[in-house]
Every structure is written in C-alpha cells, then in structure tokens.
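We just call them A, B, C and D in the order they show up, numbering each chain from 1.
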Amino acid sequence: MRRTIIGVMGGSAADARTADLAYEMGRQIAEHGWVMLCGGRPTGVMDASARGCRDAGGLSVGVLFDGEREAASEHLDLVLPTAMGAARNIINVLSSDVVVACRGAGGTLSEIALALRFERPVILLDFDPGVTFLEACGPGPWFLVGSAEEAAQRIAHLLEEMGRS
Amino acid sequence: MRRTIIGVMGGSAADARTADLAYEMGRQIAEHGWVMLCGGRPTGVMDASARGCRDAGGLSVGVLFDGEREAASEHLDLVLPTAMGAARNIINVLSSDVVVACRGAGGTLSEIALALRFERPVILLDFDPGVTFLEACGPGPWFLVGSAEEAAQRIAHLLEEMGRS
Amino acid sequence: MRRTIIGVMGGSAADARTADLAYEMGRQIAEHGWVMLCGGRPTGVMDASARGCRDAGGLSVGVLFDGEREAASEHLDLVLPTAMGAARNIINVLSSDVVVACRGAGGTLSEIALALRFERPVILLDFDPGVTFLEACGPGPWFLVGSAEEAAQRIAHLLEEMGRS
Amino acid sequence: MRRTIIGVMGGSAADARTADLAYEMGRQIAEHGWVMLCGGRPTGVMDASARGCRDAGGLSVGVLFDGEREAASEHLDLVLPTAMGAARNIINVLSSDVVVACRGAGGTLSEIALALRFERPVILLDFDPGVTFLEACGPGPWFLVGSAEEAAQRIAHLLEEMGRS
C-alpha cells in the first residue's frame, strides 16, 4: 500500500529559528514513519527538513526546481529533478497527504494556496500569512501551530480522520 | 518588437460585480493596444475578460488548464491548451508585463504569490487578500484599485517606468 | 473565433539549409494568415522561423524553455516564458493545429512523438526520423515534404479536412 | 547519500510479452537494491513493473500523469500525482540514473528522445524504435537488450562507470 507523504514547504532562505523548526519537523516525520517530501535544495527549510529526516532515519524525497541532481541537498534519499521551476510546486502539494508550511515567501505561499484549493490540509508552523488570505484560498482546512511536536500530533489526528492512521 | 502582455487572473466562478469588472478590464486592455492573457476557460473572470477584449477589438490569449481547445472560451483569439493543470499558472505570471488580479480563490492567490515572487507588478482589482500575505510574497509591487479605468492608468504608468510606454 | 496556429519545431542549432527552410516556412505561415508558434529562442529553427514570419507580416508566438523574456528571439510578437524547460514541449504540440518539424534532435523528436500521440498532424520538412519511429508514435498522420511551399499546401489541405479552411 | 533510481517507461497498454518483461524488470531492479520509478498508472508496463518491484521487496515511485492518487497502481510505495499530463515525462527522465524503455507509443518515445537529449543512458528492452531515430536524439548512449537480466547487467555496468556501483 502506498506510504503516507508529508510535504514540508518553506523558504530557501531561513532564519535560525525557522531552520530549527524545519529540522525538528523532519525528525518528527521520520519518527512517525511517514515519508517526507520537500523542494530538495541544499538551503533553508528544504535542507534543514531533509537533515532532520535523515538524522532520525526516515525516508525523504526532494522534487527539485532544478534539472541537475547536483543542485539537491545531500541529506535526501530520493532526488527528482524537474527542470520546471515553480511549475513543480503543484507536485509538492498534490503528492502530500498533509502539507506543513514553514515561514517562506511567494513560492511557499503559492503552495499553501494550491494546497487549500486542492483540499490538502495545511499545518502552518510558526507562520501566519493572514486569515484573509487563508479563508480566500479554498476548502482545505488549515491549522496554526507553534512547534513540530504539535504539528506532528495534528498530522496524526488528520491522518486518522482520513482513514490512514 | 514583442508586444506588451497584461495578464488577467481571477476565479473560474465570478459574481456579477467581479464579472463586470473583468469584462471592463478586458476592454481597457484592448483599447490601450495591449495583448490580454488569461486562463482561457469559458467561465468566470476568464470568459468575461476575453469577451471584453474581443468587444473592444483587442488580441487575447488563453493558456488553458486543459488539454482540449474545446475547453476554451469562444471569445479568445489564441488558444494554448497545456493539459498541465495548475502547473500552467506560472506561465500566466511570467508572460505578463503586469498582472491584474480579480477576485478569486487558491488558483488566483497562487498566481499573485508567484507574480510578486518573480517581480511582476500586481494590480488588485476590487480584491484584497490581506496585507500580511502581500508583504510576505516578495519583491514585486502591488496596488489596490477599485475600477478597470484606474487599473489601466496604473498599468500605463508602470509600463512607462519600465520603458515600455 | 480562435485563429489557426501552426507550430514550427526544430533544432536550436541549425545548418544553413535547415535555417533557410525554417525561414521560408515562417513566411508561408504568415502569407496564409495563420499564426506561427515556436520555441522562441534566438537561435536555429526558432529564430529563423520567427524572422520569416515577421518579414511577411505575420503574427508569431514563442513559448520559451526559459523564464526570462530576454532569452527570446527579437523577431517574435508574443513572448511566453515558462521557466519549465522541456516540460513546455507539450504546450507547443497541443497548441498547434498542425506541427511542422524541421531537422532537430531529442527535443524536436519528443515533440513529434507527442504530436502523433495526441493526434496532431505532423509535416516533416526535409527531416526523416525513420518510419519505424513514426509508425510507433501513434494515431496522428505524418507527411514527408521537401519544401516550405509543399508544407503549406499540405497544411491548407489538412485544415480544409478539419473544417478550418 | 541519494539512492540510485532506474526509470521504467513503456506503454499504458501492453501485450502479455511486454508486461512479463516489465514485471521481470521491476523484480531485477528491486533485487539489485535500486529504486524503481515509473509512470504509476494501474495498467500496462507501469503496473507490471510496479508489481514486479513489490514482489521482490523493492521501493517504487510513481510520477502520475493524473492529479488523483486514486489513479495510481496499488503496487507502488510512493505516489506522486502531478496533474500535468505529458509534461511530467521530463521528470521521469531527469530523475533516472538509467532509463529502461519497454515497448510503447508516442509517450514512451518522447521519453527516450528526452533521455538521450539530456544524456541519460537508455536500455531498450525488446523494443527497437529504429536507429535513424535513436542516432538523431542526442548524446546519451543506448543499448538494445532482449531480457530483464541482460538489462540489469547493463545497468550495473553503466552505474559502475558513473561511479555509482
């Protein structure tokens, strides 16, 4: 049976606090036995979440903006270069049972918007893009949380509701 | 020399007021001699803007979510089916000198996010997704306007600044 | 009503003979009142066909591999950057009523394969990738021709059959 | 370190012989400890290769034409829906260290063309699209083989040459 995939989105530049949260999120995903999917670059939230997943012995997938495998974080297990830039954002969204959004800019916000539009639940980890935006996006539910542990608990609950516990 | 393209984004479902604004926006784009680009479907903002452009004798392009030309609005001049769903949103953004965003949901909001991220100016026509979101998106400038005429004036000014008047 | 689009595919590097044929093909498309669509780069078949179309007063569209308008041929009217690399090949194919394939390599051959798969007629202009390949591609019809004039006659005939004369 | 990915391409409709070869190819990939990537649908070469990989205890990834996970083969471990139709073909190619091409039509042939263009080695498993086509595609090497065992030996040799044994 197909494995549960949790997407971790967020900025390619990340301050220390955001990188720490992304690292811890990667760890939590691995410890729960879920697969982690991210944008795959060796910077910011992408690199930190891949490192966390790796350190906890999990399986990670990177769907790259770029066309070269050399552009990927060294902490990933599976590297999928797309050479299709921001067009690949929709893949990150549609492939995830639940999307975790760390602090980010336009790329991350486009992924939140598409996730809610295509009914993927979104966990906002220490990142609040505003209720006006979130309510306008569409039917998917969203949750503001302050820690990776809280995010993981919320994900576990959502998966149970989806019949994937 | 390449022609100036103004993208009009917005919901595939539109209330009467939004459809009227989109129609008028299409007219304004045509009257200024710009090319209008939209998502191309025969509904909502896409159809209304194409109809407005057509009625004022302009040139319009639709970049479709779908793979079949039959899925396009009948008011378009050029129909480009992509069969790539929401992955085509980035094309709408990158092809536009200026993006006009009418009221919409997650798809439209993803286009606003990408436009600001990739430094395309965004005119928000009677649609305010919240300053928290807009400021987080990135470097592109954005402007809230209340009418298609005001949008067109703003576009003309922006194009002049870009040396494309 | 939507305008007829003829796609011209071919190598980003082109020998003199191939570039001459692509130029003449662009002219023919313009003279017949069709819109020309190509890959949009300032080299090889893309540039030559855009130049031919321009010189004969036609309307041309470039769907770019790249994300920057500056990467486009200066002879195009409409420049659509995609930043999605070879993923945009399918757009060139699906947007064309008929595809003309000039001499090219893997990119061009992928477009021929997709065109025949998705039932777009393919005119092979002085380019024969082998009957084994062509017959394996799928249902779309293909025609080997030796000149742009012959290609245009064949296109006119095909459009008439499609009820688009 | 990132894991080696072997892509298996081929028709969504497959005769018994082709399906048997795809199944055996999936087994071989799993037995060698490589990850198998395919188009992910529950038919033809995609389903057979996923089933073979599963039966031999391997890890398999499906990159779907479709937007719904429900459109995937039940034999896959990781399901990545793209909703981008044939635009996703390039992902299959760029993500693979080596591409195995089973018998197929235009979609498969477009993947062979892109693989050779982007310098991915292609193993043609009981499928010969003609030397004229193959030589025109580009720099990537290609090999005609008659069995999955022979394909696996060839892959092992290629990986060794790439320093990935």
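Points worth noting:
The definition used in the following text is that contacts are C-beta pairs under 8 Å (C-beta built on N, C-alpha and C of every residue); 3 or more make two chains touch, one makes a residue touch a chain.
Quick caveat, the model's predicted, so the values are computed rather than measured.
Considering the contact criterion stated above, the chains in touch with subunit B and with subunit C alike are A, D. Simply put, of A-C and A-B, more C-beta pairs touch at A-B. Rounded to whole angstrom units, the spacing between the C-alpha centres of subunit A and subunit C is 39. For the pair subunit A and subunit B, the distance between C-alpha centroids works out to 29 Å.
Multi-chain contact residues of subunit A (touching two or more other chains) are listed as 67, 82-88, 90-91, 118. Taken together, the subunit B residues at the contact with subunit A in this complex read 84-91, 104-107, 109-111, 113-118, 128-133, 136-138. Residues of subunit C that touch subunit B in their complex: 1-3, 5, 35, 61, 63, 67, 69, 72, 74, 76-84, 87-88, 90-91, 94-95, 118.
Note for the complex: subunit C touches subunit A at residues 67, 82-87.
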